[in-house]
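Below you'll find the structure I mean.
Order as written gives the chain letters A, B, C and D; numbering starts at 1 within each chain.
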Amino acid sequence: MSMQALSSLKIVEWAEGVPGPYCGKLLADLGAEVTKVEMPGCGDRARKRGPFPDDIPHPERSGTFLYLNTNKLGVTLDVRSRTGAEVFKRLIEGADILIENHPPSDVARLGFSYENLKKVNPALVMTSITAFGQTGPYCDYSTCNLVSFHASGMAYINPSDGVDDIEQEPPLMGPANQGDLVAGLTGALTTMSAVFARRMTGLGQHVDLSQQEALVSMTRHQLGNYTVEQFPWLRAKEARRPGVSEVYRCSNGLVYLICNDERMWERWVEAMGNPEWAMTELFADRALRRENWDAGKAMVEEWTMERTVEEVVRLAEASRVPCKAINTVRESVHSELLADRGHFVDIHHGEAGNITYPGAPYKLSRTPWQVNRPAPLLGEHNEEVYCGRLGFTRQDLTVMRAQGVI
Amino acid sequence: MSGQALSGLKVVEWSDFVSGPYCGKLLADLGAEVIKVERPGTGDKARSYGPFPQDIPHPEKSGLFLYLNTNKLGVTLDVRTATGAQILSKLVEQADVLVENNPPREVEELGFAYKRLSEINPRLVMASITPFGQTGPYRDYRSCDLISFNASGLAFVNPSDGVEDPEGQPPLKGPGHQGDFVAGLSGAVATMAAVLTSRVTGSGQHVDVSEQEALASIMRSYLGLHAIEAMTWKRLKGSIPGMVSDKYHCADGMVYLLCGQDRFWAQWMKAMGDPDWAQNELFQDRISRRENWDAAKAMIEEWTRERTVEEVVRTADASRVPCRPINTVKALANSELAAARDYFVDVDHKEAGTVKYPVGPFKLSQTPWRVQRPAPLLGEHNEEVYCNRLGYTRQELTVMRAGGVI
Amino acid sequence: MSTGGGTQNTVQKLPLEGIRVIDFTAVWAGPHVTQWLAVMGAEVIKIESRLRPDMIRAYWNLQSTGHSINSEFAEFNYGKKGCTLNMTQPRAREIVRELVGISDVVTENFGGAVMDRWGLGYAELAAIKPDIIMYAGSGFGRTGPYKEFPAFAGIAEAFAGLCHLNGYPGGDPRPMATFGYADVTSAEHGALAILAALHHREETGEGQYIDLSMTEVVSSLLFQPIMDYTMNGRVQGRQGNRDSVMAPHSCYRCRGDDEWVAIAVSSDEEWRSFCDAMGNPAWTGDERFRDALGRWRNQDELDALIGDWTRNHAHYEVAEMLQRVGVMAGPSLKMEEVIQDRHLRERGFHLDVDQPGLGTWCLAALPWRLSDVPPGNYEHAPELGEHNEYVFGELLSMSAEEIARLEEEQVIY
Amino acid sequence: MSTQKLPLEGVRVVDFTAIWAGPHVTQWLAVMGADVIKIESNIRPDAERAAFIRTTTEPTMSAVFAALNYAKKACTLNMTNPKGRDLAREIIKVSDVVAENFGGAVMDRWGLGYPELKRLKSDIILYSGSGFGRTGPYSELPAFAGIVEALGGMCLLNGYLGSEPLPMATRGYADLTSAQHGAYAILAALYHRSKTGEGQHIDLSMTEVVGALLPEAIMDYTMNDRVPRPQGNRDVAMAPHGCYRCQGDDEWVAIAISNDEEWRAFCNAMGNPEWTNEDRFRDGLSRWKNQEELDQLVGEWTGNRTRFEATDILQKAGVMAGPSLKVEDVAHDPHLAERGFFVELDQPGIGVLPMAGLPWKVVDGPRGDYEHSPALGEHNDYVFKELLKMSDEEMARLQEEEAIL
């Protein structure tokens, strides 16, 4: 196992669900040693979320959990018990980073506020990823992907083609927990910034990450357009960028095609064989195209409908116009591209067996993203962590187990 | 495999830890189909109690749990949820027997009082095994093996031998979970009695088993002596006066030998070569022997101390005087007796591996005790029971899992 | 950058102070990476030229100001410095090499191997500064069959399967949230990768090359549907606001004009609280809804009934009623509401900054808040070439004459 | 009403058992409604008839015998006499279960082994209870409870930390637990017979019963090759977990604390004395590690109260606690009394006695068939005249021939 970028970092992850664990995963994938603390018994609630092989629920076979917790050590600990709280503080003593995603009031009540923990370990970076942050009127609101996504404004501007009357449809949540993942991703990023701040001061930081803000931050251009140009972000189709980025029907499927500037438009028109309609005044420049786009789209689609997705993509790319088929995950999993990039990895897990996971989103030339161990079984590393590192005896373990502490 | 004595008997075990599960085990070992209902997450409390291989606690490797739950099907179910309650009712509907050991008040609050269940299933035999039974002033007392054992009087007459100041010692609870085992055993007898009745009458019964009574019932000879002879017992060295079987130190260990009764006394004195002291009238009949037992024991021990355990036992066996070495469980496990009786079987369990388990304590010539399957993993048979028998879809399983119902 | 272990009084420094970034990126995905670095205190020098301005400057200029700034450009480029170099000129590339010599990170997100063609590939840069960290963001990665193809967020989202999943049941597939989702998420992944690389450099003195593919970022964000496919061969479709296990779990119409509230119930306890909050209308007693499974099976009817209740209240009102009893709920905010949201305001997420060309306006800060460091570097976004003087004069200590000459030669241009 | 039926009505048991282990089996069957016919003779009475004869005027009745044989019928047959054995065969022909717990293969020697019994009645169920089982190296050796508890490892587990081994509860633990296993096996066999018409032979070993009651210790050995030692009143996880001295003469209360909440409730109930805040008791693990000191301090609190006061205070606070009852306390325990655990039996020659009944109730069901314990041969007429339809002359002759003795 070659050295990785974050090999020297020790992280305690007291988090469950998606945002906190995703934050921990991103750091673990780059080599940080992440010790995941789970509630004895049920463990991380992600263990209850699918997908499950053959759709048979099993706490050790949740696709969500397996993906989010690869490369971590797993221990069980009831931090609500007094023994648990003691053990937890000992874990904190030896850690660079604590990742947690519990309601601020709970954390304070349990005595794990940053103020307290920094007494235990002044160099600790504590990253709190919560629904609405540590301050403000909603700071104790509970949330889930749906609520956060809608609270960020993203749902409202999430487009909605293909429904009869958009006004009748509710704003639209993004698929597959995007709202939670963005929070975890932003959390990892801000955590690393705190690690850098520590380099200069030797002191830790409390990272206060609001899931709502992480998502709002995704919409910064729309926000800018609104604040400055008062651009009306209605939920109807106008929300799109007419004549720029567009879905076109082909004889055997859909493509997504972008003509972002005049040169691309010209190349695209040429690729279509310079049809006359495209030469008319109506489509002379972007502003005009935007006005007359319904007509324009119809004309383009007339052309694409006579061709297959493959043809359209080939012709577009030949003339360097960005265009791809609208894939299902099946096509992407089997795509030549991702195969060639070695993006997908097969991971063997004691309970779940061999499964193909999405791999690294980027390649670091010297310190590669790496799978060092599969997701932990519930409490798999209790002995290693508690006995091996904190010096408890095995008898202590059996007592703590029977007391429900671990 | 040939039918077992209880093949075809359908049992639902809504029980935790030892008493109820032991009852269920006795039924399962003879072929009843026992569906064990565990709370999601932590599951049966016995999973948290040892012994564990290498003393590393693991919910699937508890020796106590493995022993108590072989031959059962295991499902997870939170009966406190509306869905869970509905499912338990469905299970009960299809069952002949329900074994439960929950606090009476809780069972009523959850709507599982026998009255209601018998409406669902008039043939149902419901066995409730609780510390103090379903009625009486102590019925809602919280208890565990220690409390019940003491409440039965057994702890008080349990001898405090070989310690300084026996009277200074507190009453003594039996090893392991004797109280819970005895309660479970009585429960199994009572259950079978009720099952036989319902075969004749076609209507079920509610069996109310009290652990205190099950243990007090073990005391029946003492209670008889108290009732008739008004005898009472102090916690002296243990052996009640006149109970002239005792343990004797030998050169290399201890034996337990019984020679108080006239017949055995004669045989044993002969075996010891009719020593002169034995002729003394102090020892002429069992009454006088009882009075002078300390002297008698001292003389016998003088003889045994010069001999090995093996010699003493051989001599005793030859003269048909009841005598055996005082063994550790290790010696039992390795004894020629255990081997000759096939008293230990290897049971292979997916998580715990192959371990030797003691088998049923009796042999049925036609319908043998048998290991059909190892103890269930937590929720191992959810799919088999909920989908195949109760007709839920896998999709619904995933919903129930995420909802914490199973 | 300054080596670690400083003392308390340096606590007021930003994390990346002392880090210099040479930034060739444009549009959204790239600039958002360097924006993060800039706000965290890195000195980001954005290199453009009048021949090749960031297309966003030219684009979307809905109100014509005398400036090379528009809201969108500002939203992605605040905190940075801007200089102009005409990279078609060999001398300009010379100057870039000099800059690299005194920098820590170089970033680019061209449509192809432009940097290589300029002789500024990682190999060359490492020759100039061995511990340099180079970041290359692209649609499909810098290797593989599509490495020369231009790509934008929507393309990557379409290819990776996100469009197919985003939408109403029965509706059409579309990229996420109008556009740029893959850009912004890739940018954060990119910034994270750069910080990790900087961390490694601190430990070992080694630099490295970071090759980020937007398609792979999107793919990694779709692990759930992907693993459902790799585990079970199932291809998930569009589920709208529905959840695979929770019900109710949707967005419900409220009193105001096109006002909606999102509500999610994950357990029987929450369901009971929810019913109480609604005042237990008769239908809540309905057999169909008594348990989680029933609710999930009958969510069409359920959603309709809940909608009848929410319709009588404002979305904020519903959210507060339900949150008070521990039920997950929140308004679905429009852009204008996001900007006015009292919670975001109170937390200071919206910053009023003075932006030449836009006047004082309110920008969306980064969701980045550390307990013991200043709020971050939120300098206004640079005009084209605004910092030429600083870059060429101060950093490279060129004389005014030299600079003038280079401007004449359209090297600085 | 139909549920008023007793489970074993119509089942007849021929009972050759004596002492404790066997009689307790058939006692339970009898209470459950079985017609149990205990077979003794004046030359071979149940040895317990002679035990502890004190106040009773009945020469053949003792307290222990009464406690273990009520609800049965008794007849006398001289099994050393061929005619006696023939009579036994006649009785077996009209019976369902035969029970024995001889020290060896006595039944075989009498020609009453399972094969022969099966020939007499094809669906007969034979119960054999013995110390070591009817097969194996010790099948011919006599045994008593203490012996098998010693052999089974129980003695070396029962005791205080570091104390010497001794059988459970002084005496008979293995007897009575074996008896219950035996009764259970018989019920299972009856259930099987009711479905298939098959009888069978039940071979119960008391040693194996002891093993079955020690799974933790045995599995600890088979898993970890460790031989556990006596742990006194301690638990593997709970602390405090012990028996504490109270006011009064040798009076004690048992207390068990399983988690932090109970500990807090316990401290409150005690009025939070200083020591309860000490670090060494602040959490479950610390309490467990320091339980010796802890027990001391808890003892100081209980020392000022009666065991019932202490129990009441703690149970009200939701803490597991209960008095350690003496035999006489059990006999007068209000809870057991209210539940009707003790059955009043009018024992001829002794008077009305409270006897320990079955440890379970059938709610709204019959309380079981409780009759006084039979005198030697008390039911000879019933057996020989009613069951075997003998004439007085016949019976007289057999008595002369000492077949009935």
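Everything that follows uses one rule, which is that a contact is a pair of C-beta atoms (placed from the backbone, for glycine too) under 8 Å apart; a residue touches a chain by one contact, two chains touch by 3 or more.
Remember, predicted model here, so these are calculated numbers, not experimental data.
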Output for shared partners of chain A and chain B reads C, D
Selected pair, greater C-beta contact count between A-C and B-C: A-C
Relative to chain D, chain with the most remote C-alpha centre: C
Using mean C-alpha positions as chain centres, tell me how far chain B is from chain C in Å, no decimals. 64
Here the gap between chain C and chain D, centre to centre from mean Cα coordinates and rounded to Å, is 76
Chain B to chain D: how many Å between their CA centres? 12
I need the residues of chain B touching at least two other chains; which ones are they? 48-50, 52, 54-55, 398, 400-402, 404
Please set out, as single numbers or ranges, the residues of chain C touching at least two other chains. 244-246, 266
In chain A, residues with contacts to at least two other chains: 49-50, 52, 54-55, 398, 400-402, 404
Here the pairs of chains that touch are A-B, A-C, A-D, B-C, B-D
Quick check: in the complex, which residue numbers of chain A touch chain B? 40-43, 48-50, 52, 54-59, 378-379, 382-383, 394-395, 397-398, 400-402, 404, 406
Interface residues, chain D side, partner chain A - complex: 236-238, 258-260, 282-286, 288
Which of the residues in chain B come into contact with chain C in the complex? 81-83, 86, 392, 396, 398-405
The residues of chain A that touch chain D in their complex are 81-83, 85-86, 396, 398-405
Which of the residues in chain B come into contact with chain A in the complex? 40-43, 48-50, 52, 54-59, 378-379, 382-383, 394-395, 397-398, 400-402, 404, 406
